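As written, the chain order gives the labels A, B and C, with residue 1 at the start of each chain.
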Amino acid sequence: MSSSKRSTIIVEHLRKQQMWDSISKGKRLDGRDLDERRPVEIEFDIIKKANGSAKVKLGNTEVVAGVKVETGEPFEGLENKGALILSAEVLPTASPYSEPGPPDEETVELARVVDRGVRESQMIDLDKLVLIPGKTVYTIFVDCSIINTDGNLFDATSYAVVSALISSKLPIFEIQDGKVVDTGNRRDPPITTIPISITAVRIGDAVILDPTSEEEACMDARITITTNSDGHFTAMQKGSTGAFTIEQLKKAAETARIKGEEVRTKLKELSNSGQ
Amino acid sequence: MNQAQNQIKKLIDENGKRNDGRTADELREVKITVGVVKNADGSAFIEFGKNKIVAAVYGPREVHPKHMALPDRCVLRCRYHMSPFSTDTRKNPAPSRREVEISKVMRESLEPALILEDYPRAAIDVFVEILQADGGSRCAGITAASIALADAGINMRDVVSACAAGKIDNTIVLDIDDTEDKEGVADMPVAYMPHLEQVTLLQLDGILTPEQFNECLDKAIVGCNIVYEIQRQALMQKYFGNETELREEQ
Amino acid sequence: MQEVKRRYVVPGDKIVEGNFRPLMNVIKVGNSIIATRIGIAESGREGVKVIPLSGVYIPRVNDIVIGKITDHSSLSWEVDVNSCFSAHLPAQDVFGRDFSPARDDMGRQLATGDLIAARIIAFDRTRDPMLTIQDKDLGKIPRGELLKISPTRVPRLIGKRGSMIQTIEQATQTRILIGQNGIVVVMGRNLDGTKLAIRAIRMVEEEAHTANLTQRVKVLLNVPDTSQIENTSVAQTQNSQKGEDIHSTIEEVEEEIEEGERT
């Protein structure tokens, strides 16, 4: 059951006023334009023990994602596909408001939306990750630890997951004498497309991109839109208790395509130079 | 006995070199950065060999729920948690019994150093997250947590420095790594307050004769003192930069 | 000038040995005085203390703080003072003794999200801090730019008898309210002045422990460096708030010297 709650962060009226005044003049409190993203910083392969990993910083929002590959049973109804399992935890280190414990509804939503973007776009060709059809398949775990929050966990977590996946090295398993054996060789993952999410929030009549914590605390509504390498939409999620106009959504979708491509290019650049 | 020893991979060879090239008394490389988690009141990131650990402190802060507050001192809460990707085999994110135990001994290793009577009815939360584990993560976590507490300005009687010693083959060595932990004979993590010269954490996993125990403890203390110098250096670096001497103003 | 030795310390560092009086952020262990926090240790004739460089704000009676209204019950407002305890402002403080919840609308006086400058009138180990806004220069803050600094840097930002903050105010045509709890509000007539004041405040926060800070701030503000800063012609009334801030700090230290206790 989901219930309304008191806002955890109460933003001072003075700050809200400053924010509205600034936005009406086309700028945000940190000096960015309304449609300006914070620079994305990505560090690949920071967890050597994992099969793939990445640390992403979006301003002060910091997320680490790690890929671990094992073998196991396929999902029911998906007997001829490898399994992809995504999870995220907002660590209690992340902010004064995050508490240790099982994931709350915000965190569950975050993990599922990020998962949707990756899964629906078919980023990983799961058909290529089967050992014994119907019995034994590759299981790819992608786990995210959110270390510090300053808004836009959706994009930061998504970029971390995608970066960790594209840079991972998968073990090559074989069946020998009916048992799964790691041959010791490694392969690149079967990547078909690169999904990129772009998140914006509505404050008053303005829609601003890549919100900080403070902007999220003042938002009416939030929209996350994921595109694939062809510029098609593979996942969308509206959040928070306000609403968008139809025009705002259509414009946001177009922005998500353009900005998504910018981030995609940056990500490919960084992953190539790293390797 | 000799045959069995030959079949087991030697952890320390005839020249005294261990599997990563270290000698019996050598510590792995330790690097500490202070103040890495922007929202926290204090924080530190530590690389202890291949361990990568982040520690964040929030406090003193309000206790929720209020009835958990203590009237005459602060409540100290510690969490040791491993990220699922931190170990060789993926670890389930839910807290394991091992993590529950380590959270407890970690709290008990830090509490003696903190002057908790200074903060009645408040809480100090210490969160240690293991991003990559390679043997000795609890010692590295305590070491980082101690710095994060100092960074947060909590009143402390002393810093807490931690290091493990153990026995591999038949030799007492300093700072056990993951391979040595899995295949060695004994592992003894120790936490220590270097100025007050008191031990705040001691655990033993394995078998030691009385002489070996004494040697092991002494060696671990040497390790703790080395770790302390690195902690001190990291704090001085963050707060005072390259200035070691105070120059008078005006 | 008194013989005062100063040096950088971290917790556990021994400052001095011998019969010295422990003042603030130190403890006596055997024959030595040990630092309990990161900061600047000062040992002089009155005793030994450490001026901390980090730490959250712990409320003290008589401190002026800037707080944010977060809620209200029928009898008081709950105020976030950037500390480990929530403070409260009794409705009677604003409405008077004959306050009646049925008749007097608390939300109209002070609403959630409003900022107030207040003084802590009560706080001890058994209860949360209690505030008043009835003094001069206290009350709701209607406008200005808000920033947060580490509470440990507030004394440096105020300066000796308000010298640092007055320098910044005069050079940037702003009025700056400083709470002991590290909340600062800058009120300026023009945007450039306000932005420059904020830069100066950030510089003081970051370099509070270094030498020649006053000179560097003056360079940033484009102010000629005349040697003594005492010749302020700004009216005492305008600075009464800062005066009180410093006054409370000095008072606290004197109290500590008398009691020989460490806070």
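Quick notes
Please note the rule applied: contacts are C-beta pairs under 8 Å (C-beta built on N, C-alpha and C of every residue); 3 or more make two chains touch, one makes a residue touch a chain.
Note that this is a predicted model, so its numbers are computed, not measured.
The greater number of contacting C-beta pairs, out of the two interfaces B-C and A-C, is seen for B-C. Among the other chains, the CA centroid farthest from that of chain C is the one of A. Distance between chain centres (mean CA atoms), chain A to chain B: 32 Å.
Centres computed as Cα averages put chain B at a distance of 35 Å from chain C.
Mean C-alpha position of chain A lies 41 Å from that of chain C.
Within chain B, residues 61 each touch two or more of the remaining chains.
Across the complex, chain B is touched by residues 46-50, 53, 60, 62, 64-68, 70, 87, 89, 91-96, 100, 102, 141, 143, 145, 147-150 of chain A. Put simply, chain A touches chain C in their complex at residues 10-18. If you check the complex, the residues on chain C that touch chain A are 68, 70, 80, 111-115, 141, 143-146, 185.
Within the complex formed with chain C, the residues of chain B that make contact are 41-42, 59-62, 71-72, 113, 115, 118-123, 150-159, 193-196, 232, 235-236, 239-240, 243-250. Listing the residues of chain B that touch chain A in their complex gives 37-40, 43, 50, 52, 54, 56, 58, 61, 79, 81, 83-90, 93-94, 125, 127, 129, 131-134.
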